[in-house]
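Step one of this worksheet: look at the structure below.
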Amino acid sequence: MANSELNNYISDRKASLPSRGRPAMVMTHVVCGYPSFEDNWKELQVMHEFGVDLVELQFPFSEPSADGPLFVKANQEAISKGVSVDDCFNFMKKVTEAFSFKVVMMGYFNTIFKTGQRTFLERLKEAGGHGFIVPDLPIEEARILHEIAAELELSPIVLMTPTNSDERLAELALAADGFVYTVARKGVTGTNTDMNSDLAEFIDRCKAKTDVPLAVGFGITTAEDVAFIGKHADIAVIGTAALKAWETGGETSLRGFFTQLLN
Amino acid sequence: MANSELNNYISDRKASLPSRGRPAMVMTHVVCGYPSFEDNWKELQVMHEFGVDLVELQFPFSEPSADGPLFVKANQEAISKGVSVDDCFNFMKKVTEAFSFKVVMMGYFNTIFKTGQRTFLERLKEAGGHGFIVPDLPIEEARILHEIAAELELSPIVLMTPTNSDERLAELALAADGFVYTVARKGVTGTNTDMNSDLAEFIDRCKAKTDVPLAVGFGITTAEDVAFIGKHADIAVIGTAALKAWETGGETSLRGFFTQLLN
Amino acid sequence: MDLFDFTDGREGYYGEYGGTFLPEILHSTIEELKAEFRKAKDDPTFWQEFIELMQSYSGRPTPVTHLANLSRKLGGAQIYIKREDLNHTGSHKINNVMGQGLLVKRMGKNRVIAETGAGQHGYATATMAARFGFESKIYMGAIDVARQRPNVFWMENMGSTVVAVEDGQQTLKDAINECLRDWVTNMDTTHYVLGTACGPHPFPEMVSWFQSIIGREAREQMISSTGKLPDRVFACVGGGSNAIGLFQGFMDDEETQLVGCEAGGFGPGKGNHAARLAYKDASVGVAQGMKTYFLQNDDGNMLHTHSVAAGLDYIGVNPILVHLWEKDRVRFEAVTDAQVTEALKLAMRTEGVIPALESSHGFAQAVLEAEQMSKDEIVLINMSGRGDKDIFTIADALDDDHWKKFIRQKAEEYGQ
Amino acid sequence: MDLFDFTDGREGYYGEYGGTFLPEILHSTIEELKAEFRKAKDDPTFWQEFIELMQSYSGRPTPVTHLANLSRKLGGAQIYIKREDLNHTGSHKINNVMGQGLLVKRMGKNRVIAETGAGQHGYATATMAARFGFESKIYMGAIDVARQRPNVFWMENMGSTVVAVEDGQQTLKDAINECLRDWVTNMDTTHYVLGTACGPHPFPEMVSWFQSIIGREAREQMISSTGKLPDRVFACVGGGSNAIGLFQGFMDDEETQLVGCEAGGFGPGKGNHAARLAYKDASVGVAQGMKTYFLQNDDGNMLHTHSVAAGLDYIGVNPILVHLWEKDRVRFEAVTDAQVTEALKLAMRTEGVIPALESSHGFAQAVLEAEQMSKDEIVLINMSGRGDKDIFTIADALDDDHWKKFIRQKAEEYGQ
């Protein structure tokens, strides 16, 4: 069964964009426990201040093969500080209770598999999460997880990528719920993306296959990027850029970053 | 033609042994130019004092493969000081003019070959030498050299060894003149030899094949050794032991050595 | 038994192990690879081309050698070794790499990337790239770069760029992650030459197929030299490519025991070794593209591992072998670093062969068992590589003082 | 042409070169060896035994490999290489050594000695001794011990005693002298395993015979891969064993030019090189058991020699090759150290092969000539050994900074 709560939330937030003076919804990203849960909390407060719509909480994994250098380091340090799956769920629970944005889990499949797929999703549900983004889990391997998710009304966030054929996009669309994470380009997180006609064309290809709202990720850093996404899709995903700002100068820098991005 | 001068000299010296109170004749060894020609001269003076009968003058060679460590070093140092074939012949001439013992050249075949076999032997003759000991020249390879030697009345000193069969000893005997150098044991110069029944038996095997006097070399160091040789053969060859004595304390040591050896 | 007949199950699965766990962006790349591989596998001229290439370039077939001295000394089974050490570049890794090179040519790509731990696979890949005229980049954990400089030296001299990976434990698994990152960026031009029978389908099948050349040759050679099949076959298991390569030759010979020899390191206990199946410290997980046994903690994060043999020091293991282990077709054993260096010394002194430290694991286990067997039994060990390229590691393992002195002198000679 | 038909001349002589110049004490030993060798040579089962040993232990036949990339790049003749590098222990030296091992067994001796310069022959001999169960002692110039520690390490680990010879130039020729000294002491139990086609008869003939396996295989392989004979055949010449081994296969093929490639070192001029025939600095002499060309002064004392390749850095040369040179059957050329390291780099980058520095001399000369030849001509180079064991020398020759840094780090790690 689809996750009507998330779906309704997103369509409400989308509807309110003009009134909020925003070209697109925004999803931000936080690596649990990096630099620390206290820092995470402060980041989330800033994000909340700026009216962020969705937040990905990344559960750190020792082999973050789809991440770029900054997140790789974040994953590693979180783990070496002892951040556990328990810690992440506890934190998520605190976050979802305190803030109004909706939260999805982001992470690698082994974290889920090792915890047990049902247990993991039950805990996700209980912690107030609404979905999960698992970049190393292709839909062919996700049958069981998606079944449990449907049962628990959690959204499996599907990724669509520029290398997918139309047929493949159609297959992916069948599994989509909540929103689709469209990957703006090849490569890993953390480097800038040219917002150009190729990207627009790719987003259009995705839109042709699904009615589910589209998030666009990888390398979004400027207000122009967000405007571009607003024109073609629904949700701008802010990952590395926000973490970079935080690392540069904490709350002040992060506020500065969001100010240029959103106002 | 045989070298009658050397042959006569040796038989005279042999005949005079009882009157000289010696069990055997003695041949000593000097490496030309090591430690220096001046040292060589002093060594030879001492040897003359002690009534040595024959002297081998070794022409240094860069590859002294039949020599033991002490002579290897002597060869090397002489060469690195620049001792040449010319120097050796000049020295030999001085020696044969000054002393009454007879001198033979000892060295490796390449020194002879490179000088030219005829030229070399002519120069040897001219320098007053009486023969040559060339440990790396088997009789099969010595045909030309031996022909020239016969012509010039120089003695090719043949080596007989414990590993030779009686047939081989007979072949060697055919080429012998002056004296035969019987090698007391396997190995190279410089280590002591047991004067035992094996050695006596080997010398007897040689005597059975040739009438030419027998020198016994390799490792002779004591009066007992000389006595043993006197009983079985004719000439005791004193090599390494004398050089060792010289290196230990020059003339004094060398005199000491000969005193214990011969008196 | 056809391990790769997926008609009754899911493609790329061996029992519950295997699969293709990759980012969606590689979907079409992996489909292309699967298709090209399938076409090649169905095309008998491709295998012929592969065989000819391996003959003329790598010196195949490699012989089997009877170790009569060692057998006599142990007083038990007759020991034979399959000589993968005689391959060009010195190990079985070249079989896989040249095979993939042919596929890359068919796919019209011109760039290859590879991970390497011990350096053998990187060395083989750099060689293949030079020979095929491909651009190449080799990812290697920074710690491995530091300790395996000789291999790096040759890779660079053959024209490869070697990248020292500074993430994670800075070893093999991190190099694999970095390869995946390169691949999701450059898949259009680039093929990822995976070095062992691990990773996402079709790699385990593909690598196994190329490595099956070992077992095909070996079975025939053993029959023609001994008149019968070996009673037991031993191979070291890192990722598991040389083992599956040899074992395939005897898969249907049920009387022939197949024994996988893992890195026991310092012995049992998490973090002390790299034995996924022989010890009890691993569990099923999904990482690096596949589902298999991993040395991991309860949260699914990977453990540190240890082995004297860099090529066995890996967190995961060939899913095909796990399946065969569960089906009791392959037995798994682990030998410790100390047993391995003793076996190496024994092989050198009694037979004049220098097995790689990896291969020495097979020797160590075989020696233990051969001693207990009867004189008319036969064992075959896969000598997957030669040890002479690992002189630094082996000299360290043997704690050789002359060697240390030599290195100090060299360092002085090089000055500051 | 039967090089070894001595009925019209003196046994062991090739024209005026060769012979047996040894101390009388070895007369019976050398006679025994000659007799045993003659018996073996006349006994077809001996050659068969040798072939089988080389197949099962050393991986023979070694292939020929077409270097299509290099040929294309040069735009001239098609270049092929004979892969002696794929032998066990990494060079052609093993052919000779295993053959002599079989003879030693026939003679009932149990101890072997050998000289070694580069270390390859010592390494091969240590291997043979381990395999045959002989006691072994390897003599090596002290300077070579210091610079070739890796080979010493393996020899010792295979159970050989390695003696550092402190005499003379402390290199190969001094090791040979020391072997002769050991031999005149221990000939009853001991065979001297001479490492190249030099020294007293019957060594040049015997070593050539064992090494002829290279040429026999190569001729057949070239015909079956190219349909014709090579136009030119190149081999490096140290003592001259790999060259005579390959050349014998083509001796009667008068259209095939045979080219011996000597060590030009820093170029012509006494003391700068080890080119006995290609340059004009050598003359005929008698040393180390034979009559041949030597790099010597007017007094017959040997000169210092130099080559980047330790295995070519020798004062004398195979008397058979000198004879063939005088008869215009073999052409001699020299290439300098600088040309050789360039050729090595070229081979690594374009073909993924790492010729030993010795073998790289053949590559260097062949590259020069192939460029001038037409596309339908064929050249064959003997890749007599692999370079990966010479990493210290090659890293020095290429002046590799990363390598130096690595060695400094290692030295620090080892402490004082």
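First chain written, first letter: the chains are A, B, C and D, and each begins at residue 1.
What we mean here is this: a residue touches a chain if its C-beta (ideal position, glycine included) is under 8 Å from a C-beta of that chain, and two chains touch if they have at least 3 such contacts.
Everything numeric in this text was worked out from a predicted model, so none of it was measured.
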| query | Which chain lies the greatest distance away from subunit B when centres are computed from Cα atoms alone? | reply | A
| query | So what's the Cα centroid distance for subunit B and subunit D, whole Å? | reply | 38
| message | On a C-alpha centroid basis, what's the spacing between subunit B and subunit C, in Å? | response | 66
| request: Please compute the C-alpha centroid of subunit C, do the same for subunit D, then give the distance between them in whole Å. | output: 34
| task | At least two other chains touched by the same residue of subunit D: list those residues. | result | none
| task | Check each residue of subunit B and list the ones that touch at least two other chains. | result | none
| said: Using the definition of touching given at the top, classify the network of chains in this structure as line, ring, star, complete or other. | reply: line
| said: Under the stated touch criterion, can you name all the chain pairs that qualify? | reply: A-C, B-D, C-D
| query | Quick one: in the complex, what on subunit B touches subunit D? | reply | 60-66, 68-69, 72-73, 76, 79, 84-85, 108-111, 113-115, 135-138, 140-141, 158-165, 168, 172, 183, 186-188
| query | Tell me, which parts of subunit C touch subunit A in their complex? | reply | 19-29, 167-168, 173, 176-177, 180-181, 184-187, 283-289, 291, 294, 296, 298-302
| Can you list the subunit C residues touching subunit D in their complex? | 55-59, 62-66, 69, 83, 85-88, 90, 126-131, 133, 146, 149-150, 152-154, 156-159, 225, 345, 348-354, 388-389, 391-392, 395, 398, 400, 402-404, 406-412, 414, 416
